[in-house]
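Got some structures for you, see below.
In the two complexes below, chain A is the common chain; its partner is chain B in one and chain C in the other.
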Partner chain A sequence: MISNYRALLALLAPETILVVTALLVLVADLGLLRGRDPRRRATVAAMLGGLGCFLAMAFLLQPPEPRNLLDGMLVVNPLTQLVKQYLLFITFGTLILAVESRCTCHVGEYFALLILATVGFMFMVSSENLLMIFVSLELASLSLYILTAFARQTLASAEAALKYYLFGGLSAAFMLFGMSLLYGLTGEIHLADIADHTRSLGLDPLLILAMAMIVVGLGFKIAAVPFQLWAPDVYQGAPVPSAALIASGSKVASFFLLAKVAMVGFSGLEGSGGWGQFQAGWVPLLAVLAAFSIILGNLAALAQQSLKRLLAYSAIAHAGYMLTGVVAGGESGLVSLLYYVLTYALTAVGAFGVVDVVEAQAGDDRLSSFAGLSRRAPLMSFCLLVFLLSLAGIPPLAGFFGKFYMFSAAAGAGQHQLGMLWLVILAIAMSAVSLYYYLQVLKQVYVSAPAPAAGRLVIPLPVQVVIACLALSVIILGCFPNLLAGKLLLAFHGGH
Partner chain B sequence: MLAWTIYISFIGAAVLMLVNPRHRLVVRGLALGTAVAGLLLALLGVLEYQRLAGLATIVDCSWIPALGIKYYLAVDGLSLVLVILTGLAAVTGILFSWNIEERVNEFFALYLALIGGVYGVFLSFDLFLLFVFYEIAIIPKYFLIAIWGSTNRQYGAMKLALYSFVGSAMVLVGLIAAYVVSGARTFDLVELARFNPFPASFQLWAFPLVFFGFAILAGLWPFHTWAPTGHVAAPTAASMLLAGVVMKLGAYGAMRVAMTLFPLGLMKWQPFLAYLAATGIVYGATVALVQRDLKFVIGYSSVSHMGFVLLGLMTLTEVGLTGAILQMFSHGIIAGLLFAVVGRMVYDRTHTRELARLRGMNLGRLMPFTAVAFVIAGAASMGLPGFSGFVAEWQVLVGAWHAFPGLAGLAGLGIIVGAAYTLRAIQQTFFGDQSAGPPEAPHDLAPVTWPEMLGVFILLGATLAVGLYPRVMLDLIVPSLNAPWMQALVGGIKP
Partner chain C sequence: MVGLLWLIPFLPLLAAGVIAVCKRPRRRLAAGLAIGAMGLSCLVALAAFVASLQGHAAAGPAREYLNFSWFEIGSTSVKLGWVLDPLTALMAVMVTFVGSLIFIYSAGYMASDENFTRFFGFLSLFAAAMLGLVIANSLLLLFICWELVGLTSYLLIGFWFHKPSAAAAAKKAFITTRVGDLCFFVGMLWLYSQSGTLLFYDHGAGCLEKSALEKLAVQTTFEGLALSTVIGLLLFGGAVGKSGQVPLHVWLPDAMEGPTPVSALIHAATMVAAGVFLMARVYPILTPDALTVIAWVGAITAVFAALIAVAQTDIKRILAYSTVSQLGYMMMALGVGGYVAGVFHLITHAFFKALLFMGAGSVIHGCHEEQDIRRMGGLRQYLPATFLTYAIGMMALAGVPVFFSGFWSKDEILHAASIWPVSHGPFLLGLVGAFLTAFYMTRQVALVFWGKYRGHQPAAHAGPEPEPGSAHPRKKKSAAGHKAAHGHALPHESPPAMVWPLKILAAGAILLGFLGTPAWPWFHSYLTGHHLSLELGRLFESGTLGVMLLSTLAVAAGIGSGWKLYGRAGQTRELPPDALETFQPQVFAVLRDKFRVDEIYQATVIRAVAWGGEFCHWLDQFVWQGCVRILAQLTLGLAWINRAIDELLVNRGFDRVCRRIQDSGGRVASLQDGQVQHYLRVIGVALAMLVLLLAWGGGLW
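After this line comes the complex of A and B, so read on.
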C-alpha cells in the first residue's frame, strides 16, 4: 500500500502536470490573451502544452518500480510508462498541428481539451480496475466529443459530434451494464481478482453477456465493425487535429485497455478461434470482429473520394488488423500489438497533418484536390507517400514490420498450430486490396498534373517539421524495428 | 564489398532526389556513375568470389532479435550471375533513357531504388530480408510506368503493382506459416534448408503458395498477363528492367525459397508445374506471332523465354537447372536489348510501334545501325549458336528430355515458333514492302546517339561473350548448384 500522498503524487506526476498545464492554458488564454490575434493565442497555448508534455515525459523516463495501487486503480510499470511516453509524443505533434489549423476562435478551450483527453488516455493505460477504467474512458470520450464539435461554423462538425456522442453514450451504457454484471458475478472490480473468480465460474451465460457488453463498449472506441458507423463522419467532420487525436492517441489507449481487459480480466476464458476448432470465449468473438472490420474497412475504402473518409475506412480495417494482435494474446501478441498501434498512431497523425495542409488551401479533401501535389509541395508529398505506404504495409516502413510481427504472433497463437491462419490469410489478402486505394491517392499526388493555376503550397515551418519528423520516425522504426520492439519486450518483462 | 551494390544504389537514389531537375546532365551523370559503380562492384565480386568456395558471407548480424531475424547478406554462384545481370541492365537502362527530359531526377531516383531492391533480393539469405527487398521493388515499378510510360500506362502500372503485391502476399503467408511450423525462430535460408523442419503435409500446400507467389512475377503461364501490358506501358528503361531483372526476381525467389525449402512439396507439384511452363513457352510464342504492336511481340516473347527458365527449374537435373540460370542471364540481356531497340531507337523516333505502319516506312534504309542491332538481337533471341540464348535453351531442352520427353518436344516447337515471330518482326519493321510506293516515314529521323550505341555494344558483347565462352558463367553456376544445402534441387529428394 502507499504510505502517503507524496509518494502517490510522485507516481501520478505526469498526469498531474498535464492537468495543471491544461488549467494554465485556460487561464493564460482567457485571462491574459483575451481579444488578441487567435493565431498568437494558439501559439502560446501550444507552447505551454508542449512544455507540459515534455515535463511529463521527463517524469516518465526514469524506469519506475512496478506498482499496483488500490486494487488496480493505478498501475505503473515500465510498459505503461513507455506507452504513455508515446501518447505524449503524439499529443505534442497534434498540438503543433492545431496551431495552424485555425478551426476555432475558442483557442484556450480547444488546447485544454486536447490535453485533458490525453490525461484520459494515460489513465486508461494505467488502470486495471473497472471503476477507474470507466472513469478514464469517460474523461477521454467526453473531451473527444467536444473536440469533434469544435468547428462550429460547419454543419458537418456538428453532425459528426452528435453521431459520435449518441453512439458513444449508448456504448458506454452497454459497457457499464456489462461491468455491473461482472461485478455482480464476481464481487470484484480489480481485473486480476475478477479473473480468479471467472476461471472457476466457467462460461456462465451471464458472464458471456457481460463480456459481450464490454466488447461493445470497447469496440466502439476502436471503431471495429459493427460499431464503426460514427468513424467516417467524425473523421471527415471533426477539425483535423481532433480527428488526428481520435485516430492516434485514442486508438493506442483503447487497444491497450482492450488487451488488458481481455488478457488479464478474462484470462482463462479465451476459447479457441482456430479454423474448425471454434470454442466459445473472447478469442473467437474478437476474431470475428477482426475479420468483419478488415473486410468492410478495406472494401468500403475502395469507393471513397474524400481522403479523410478513406483514412477513416482504412482506420476501421486497421482496427481489424490490430484485433488479430489481441486475439494472438500472450507476450508476442501484446508486444506486436503495441508496436503496431504505436507506429500506426504516428502515421495517422502525419497523414492527417498533410490532409490539413492541403485542405487549408484547396478548400476540400477530395482526392482530386491532391492532384500534382508532388510538384506543389515535394516534402509533404514524400511524407504522405511514406505514411500511406506504411499503412499499406510496404517495407521498409514501420507498418510492414508491425503487420509481419503481429500476423506471425497470430499464426503461432492457440493450442493448435496455425489454427488462426485463416485470419492471417484474410488480413494479408485484404491488405493486398488496400494497396489499390492507397495507390489511387499516390497516383493523384505523383502522377496527375496539378491544376493550371495551382502554385507551390505555403506551409508553416513548424507543421513541416512535425510531419517530416513523423515520416522520419516511420522510416527509422521500419528499418530498425528493434528500437521499439526491443524496448517494448524489455518493458514487458520488466513489468512482471 | 558486394553489399555496397545495394547501398550505393539507394544512396544514389536519395542524392538524386535532392538534385535540381534542371541540371539534367548532372542528374544523368550521377545516375550513370552510380550504376557503373554498382556494375564494377559486381564484377569485382566475381574476382573476390572465385577465391572463396561455396557460399560466401558478406554481412551476418542480428537485426530484429525479437523474431530471430538476421541481416544476412551472402553470395553464391547463382546470385553472382544475377547480380552481374542486374549491373549490366542498370547501366544500359540508363544509357537508353538519356533522352528523358521530364522530372528527370525523380525518374533516375526511382530507377536506382528499384535496382537497389533487386540487388538486395539476389544477395539476401535471410528470408525476411529477401522479402523486404522484394517488396521494396514494387513501388518504384509502379511510378516508373505510371508517370513516364506510354500506352495505357495507368492500367499497366496498377495491374503490375497489384499482381506483384498479390504474389508477395501469398509469399508472406507462406513465410509466416513456415516460421511458425519450423519453430526454429530463424529465417536463415541455409539453416532452414539444411535441417528442413517442415513436415510433408505442410510442404504440400506451402510449396505452391510460395512458388506461385514468386512465379507470378516470373511470368508463369497463366499468371503472365501483367507482363505484356506492363512491358508495353513502361518507358524503355523500365521495360528493360522488367524483362531484364524483375522477372528474374520471381524465378529466383521461386527457386531459392520455394524449391529449396519445400523439396517434398516440389516433388509432388513438379510435373504439373512443368506442364504450365511448357504451355507458357508455346503460348507466348504463338501469341507473339499474331501481334500488331511491335512491343507486344517482345512482351509475349518474354513470357515464352521465361517459360524456358521455369521448365529448366522443374527438370531437377543439373543440366536443366544450369540452363535455367543461364537462361535468366541470357534473356535478361537479350530482352533488354530488344526493348531498347524497339522502345528507344524505333518508337521514340517514329512514334509508332504498329507493325503495319512500320512496314511502310522502310526503316532498314533509314536506320541501318538500328536495323543491324535488331537483327542481331533477334538472332540471339531465336537461339542461334554463338549467342547466350543457344547455350541456355539447349541445356534446358537436354534437361527436359531426361525428365519430361514430351514436354521437351513441346518446348522445341516453341523455339521454332520463336524463330517465326522474330523473323516476322524483323521483316515487317525494317525490311517492309519496298514496292509499296514512297515510304511514309518522317525523313528527319534523329541519328543514333552515343549512349545508345554504347548500350547496344555492351549488351551484344555480353550475350556474345557468354555464347562463345559459356564457361565464365557455368563455372559459377554448377558448383553452387551442387552445394550440400541445395541438394534438394539436383535430382530431387525421395520422400
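After this line comes the complex of A and C, so read on.
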C-alpha cells in the first residue's frame, strides 16, 4: 500500500506535469489567444508543450528505486523511466513538426491531445495491471483516433479516423473480453500474480482464448498482420504529426506493453516456435504474426507509389522484425527490442518530418514529388537518406545495429538453440527485399531530375533543426550503439 | 594525457567534415582549416610526446591506455581504445609534423587546381585515418583506420581521375593492397578466435600481453607451426601489401600518378610505413620463424627495388622504387631483431623521403610538369634552394657518413643484420642495396641538376609529348599559364610555401640522425626504456666500426661509380644513351621493365581472374538469371495480390461506402452495410485462426 500521497505524487510527477501542461495549453489557446494567427498559437502551444516535456524529463533523469504500487498499477524502475524519457523526446520532436504542419485551426485541442496521448503511452509503459493497462491503452488510443481526424478539410483524414476507430474499438473489445476471461480464470489482475496461476493451470481452452484475444488487441496497436488493415489509410490520411506519433511513440509504448504482457503475464506459457518443434504458447503465436508481417509488409511496400503508404507498409514489416525480438525473449530479446523500437521511432519521426516538408509544397506525397529533392533541399535529402538507409539496416546507422542485436538475440534464443533460425533467415531475406523500395525513393531523390519549375524548398528552421538532430542521432547511435544499448542493459539490471 | 589522445585524429577529421560540407570555391577556408587542424594535432602530439618522455623517466617504456566498450552482443563486448607509448608518440609527432609541412606545401603546389577544396578534404581525411591507426590500442580499430587510409590513398591517387592512367593506378593500388588486407583480416579473426580480444594492452588481458602470448605460442597448427607464427605471418601479409614488399610492390610506383604532395605524404612518409608500424606494434606476437620470413622478404625487396630504380627515368618513379627498397630495409631490420633500428629508419626515412618527393615536386613544378629526368639537367642554377635541399635529402638517403640521418639509421640496420645468428644473407643484401641506393641517387641528381638544361625550349616545344600520363588538361593549362607569365620556358624556383617546408625537412634530415648514434642511443633508450648514456667509445667497438666502414665503402663506391658514369653525361644538348644500357642492353631492358613483374601478373593472376569472371558471367547469364526472373515474377505477383486485396477489396469497398454515405446525405445506417462486417470478419477470422493454432499445438483436439 502507499504510505502517503506525497510519495505517490512524486512517482507520478512526470505524468502529472504533462496532464497539467495539456490543460495549460488548452487554457492558453482557448482563453488567451482566441482569434490570433494560428501559427502564433501553435508556436505558443508547442513551447508550452516542449517546456512540459522537459520538466517531465527532468523528473525522469533521476534513476528511481524500483517500485511497484497497488498491484502493479504503477511500476517504476530504471527501464521504464528510460523508455519514458525517449517517449518525451519523440513527443517533443512531434510538437515542433506540428507547429509548421498547419493541419488544423483547432490548435489548442490538437496539441493538448498530442500531450495526452503521450501520457497514455507513459502509463502503458508503467503499468503491470490489467485494469490500468486497459485504461492507459484507451487513453492513448482515443487520443490517437481524434488526432487522426484532425485534418478536417480532407476527406481522407476523416475516413482514416473512422476506420481506425472502428477497427480499434473492435479489437479493444476483444482485448477486454480476453482480460475478463483471464481474470475469471485466475482471479488476479496483476500480471505477475496471473502468471503464478496460469503456470499451474497449463494451456486451458479458456486460457487459449484469452491469450489469443489479448494478442488481437495488442496486435492492433502494433499493426501486425492480420490486424494491420487500418495502418496504410491512417498513415496516409492523418495529419503528418499524428502519423509520426502513431508510428513512433505509440509503437514504443505498445511494444513495451506487449513484451511485458507476454514475458511477465504469460511466463511459463512460452511454448516453442522452433522449426519442427512446434509447441503451443505465445512464442509460436507471435512468431507466426511476425512472419506474416514481415512478408506482407515488405511485399506490399514494393508496389506503393505514395511515400506515406510505403512507410506504413514498412512499419508493418518493422513490427514483424520487432516481434522477433519479443519472441527471442529474455534479457537480450527485450534489450534488443527496445533498442530497435527506440531507434526506429527516431527514424520514423524524421522520415515523416521530411515527407511533411515536401508534401506541404508539392501538394502530395507521391514518389514523383520527391524527384530531384537533393537539388531542392540538400540537407533534408541527406537526412531522408540517413533515415531510409537506417530503416533498411545499412551500417553504420542505428538501424543496422538494431537488426543485428535483434537477429542475434532471436537466433540464440530459447532452450532449443537456433530454433528460431527460420524466422531470422526470413527476416534477413526480406530486409534485403526492403532495400529495393527504400532505394526506389532515394533514386527519386538523388538521381531523377526535379520538375522544371521546382525551385529550392523553403523549410522553416525549427523543422530543419529537429530533422537534422534526428538524423544525427541515428548516425551517432549507429557508430556508437553502446550509448543506448549499454544504458538499456544497465537499466534492465537496475530494474530487476 | 591519454584521455586527450583522441584529439589527434579527431581534429583533422573535423576539418575533413567541415571541408566536405563547405562550398567548392572556399579555397582559403579549406586550406586554412586543414593546415590549422593538422598544426593543432601536431601540438597535441607533441604534448603527448612530452608526457610519454616524462613517464619514461620512471622505469621501462611508459605505456598508458584507455579502453572503452564499442558495443556489446550478449556477454561479449567489442572494445576499442587508444594507447600512448613511445612508438605511438614518435609516429604521431612524425605524421603530424611532416603532414603539416606537406599540407603547407600543397597549398602552393595545388594552388591552380580547380578541385583544391576536395584535395584538402581528402588529405585531412587521410591524416585522420593515419593518426587513428597510430594511436589505436585495438587491432580492430587499427584495421578500420588501415582500410580508411587505403580508401583515401585510392581517392588521392585517382585525384585526377579524368586521366586514365591515374584512374587505373588508383584501382591497381586498391586491389593490390586488398590482397594483403585479406591476409590481415584472416589473421585478425584468427587471433580473436584464439585470444578472445583484439586489444593490444588491457591490464594483462590484451593480445600482446603475456597470458595471451603464452596461450598462442603453445598451440600448433599444420606442420607443427606455432599458431603465433601463422597469425604473425598473416598480419605480415597485410604489411606486405601496404608497405609494398615483394611480391605486392607493384602498386606503389604506379601510385605516383597522384599529385606529388600525395606521393610525399602517403606513398613515402606515412601510409606505406604503416605496414612497418603494424609489424612493430605486434612485435611481441612474432616468433623467430615469422621473423626469419620477414627478414628475407625485406632484404630481397631492398635489393630488388633498388635494381629497378637504377634503370628508371621518371623522377618520381625512381623515388618510388627507392621507397620500396627502403621499406624493405625497415622490414629486414624488424626481421633480424633490430626493432629499434627499423623504427628509427622509419622516422628518418619519413623526413628525407618526404623532402625528396617534395623536392621532386618542386622540380616538376619548375620544369612545367616535366617528369622525365632525361629532359631536365642543369637545374642547379635555376632552382638553387630546391637543389640544396634535394642534395641533402639525396645524401641522407644514400647514407653519406656522419652528417646525415640516413647513415645512422641504415648503419644500425646493417649492424643488426650482421649479428643475426640465422644467416648473413640479409646483411650482404643490405650492403648491395646500400651501394645501389647511392648509385641511383647519384645518377638521378647528376642528370637533374648537373649539365645543361635539356627541357623544352620555346622552339622545340612542338616535339612529341614525353609521357602520355602528363597530358593533363589542367596541368597543361597551368603550364601554359607559367609560360605566359614568364615569357620563356626556362625552369623557375617554386613559391615560398613550397620551399620553406623543404628547408625545414632538410634540417630534420640532418639532425634526426644524431638521436640514434651508437655513442648516444637516445632513440634506443626511449623505445625500449634502457638507461641512456653518452659513450663515444662505443663508436669504435670493432663490430660497430667494421659495419660502419663497410657501409661507408659501399656508399662511396656507389656515388663514385654513379658520378663516373653520369657526372658528365648531361653536358650536351642531346643526352647520350645510358651508360649501362650500352654496356648490357638486355639486362638494362629487364630492369627498365621492372623485372616484368606486371607482365607476369597480367599473364597469370589477372588472366585467371578474368577467366573466373567470364565463367561467373556465364553462370549469371544462363543459370542465375533464370532463377532470379522466376523469383521476381513470383514476388511481383504476390505484391500485386497483396495490393489488390488491400486496395481494391478493403479501400475501394470502403470508398464506395463513403460515397454512398455522401450520396444519401448521411444515411448512417448504411455504415452497417458490408464493410464494417468485413473488418470484423478479418479480426474474427484471425482470432479463430490463432485459437486453432494454439489448440492444435496444445494437443487439444
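Throughout what follows, the second predicted complex is superposed on the first by the 496 of 496 C-alpha atoms of A that agree within 3 Å, B and C clash if a C-alpha of one lies under 4 Å from a C-alpha of the other, contacts with A are read in each partner's own complex, and residues count from 1 in each chain.
Basically, a contact is a pair of C-beta atoms (placed from the backbone, for glycine too) under 8 Å apart; a residue touches a chain by one contact, two chains touch by 3 or more.
No experiment lies behind these values; they were computed from the predicted model shown.
By the touch criterion stated above, A:Val215 is placed in contact with chain C alone, chain B being left untouched. Applying the stated contact rule after C-alpha superposition, one finds that A:Leu51 touches neither chain B nor chain C. Looking at the shared chain after the overlay, A:Pro396 reaches chain B, while chain C stays out of its contact range.
After overlaying the two complexes on the shared chain, residue contacts for A:Pro481 are found with chain B and with chain C alike. In the superposition on chain A, A:Ile425 makes contact with chain B only, while chain C stays out of contact range.
Once the two structures are superposed, chain B and chain C can be ranked by residues of chain A touched, with C on top. By the touch criterion defined above, A:Ala300 reaches chain C but does not reach chain B. In the superposition on chain A, A:Tyr446 makes contact with chain B only, not with chain C. Contacts of A:Ala454 after superposition: neither chain B nor chain C is touched. Of the two partner chains, neither chain B nor chain C is touched by A:Ala192. When the two complexes are superposed on chain A, the residues of chain A that touch both chain B and chain C are 332, 401, 404-405, 408, 412, 481-482, 485-486, 489.
Interface of chain C with chain A (complex): residues 69-74, 77, 635-636, 638-640, 642-643, 646, 650-651, 654-655, 658, 676, 679-680, 682-683, 685-687, 690-691, 693-700. Residues of chain B that touch chain A in their complex: 17, 63-67, 128, 131-132, 135-136, 138-139, 142-143, 146-147, 154, 158, 161-162, 165-166, 169, 172-173, 176-177, 179-181. On the side of chain A, the complex with chain B involves touching residues 332, 335, 382, 389, 394-396, 400-401, 404-405, 407-408, 411-412, 417-418, 421, 424-425, 428-429, 431-432, 435-436, 439, 443, 446-447, 481-482, 485-486, 489.
Interface of chain A with chain C (complex): residues 155, 159, 163, 166-167, 170-171, 174, 203, 205, 208-209, 211-213, 215-216, 226-227, 229, 232-233, 271, 278-281, 284-285, 288, 296, 299-300, 302-303, 332, 401, 404-405, 408-409, 412, 433, 480-482, 485-486, 489.
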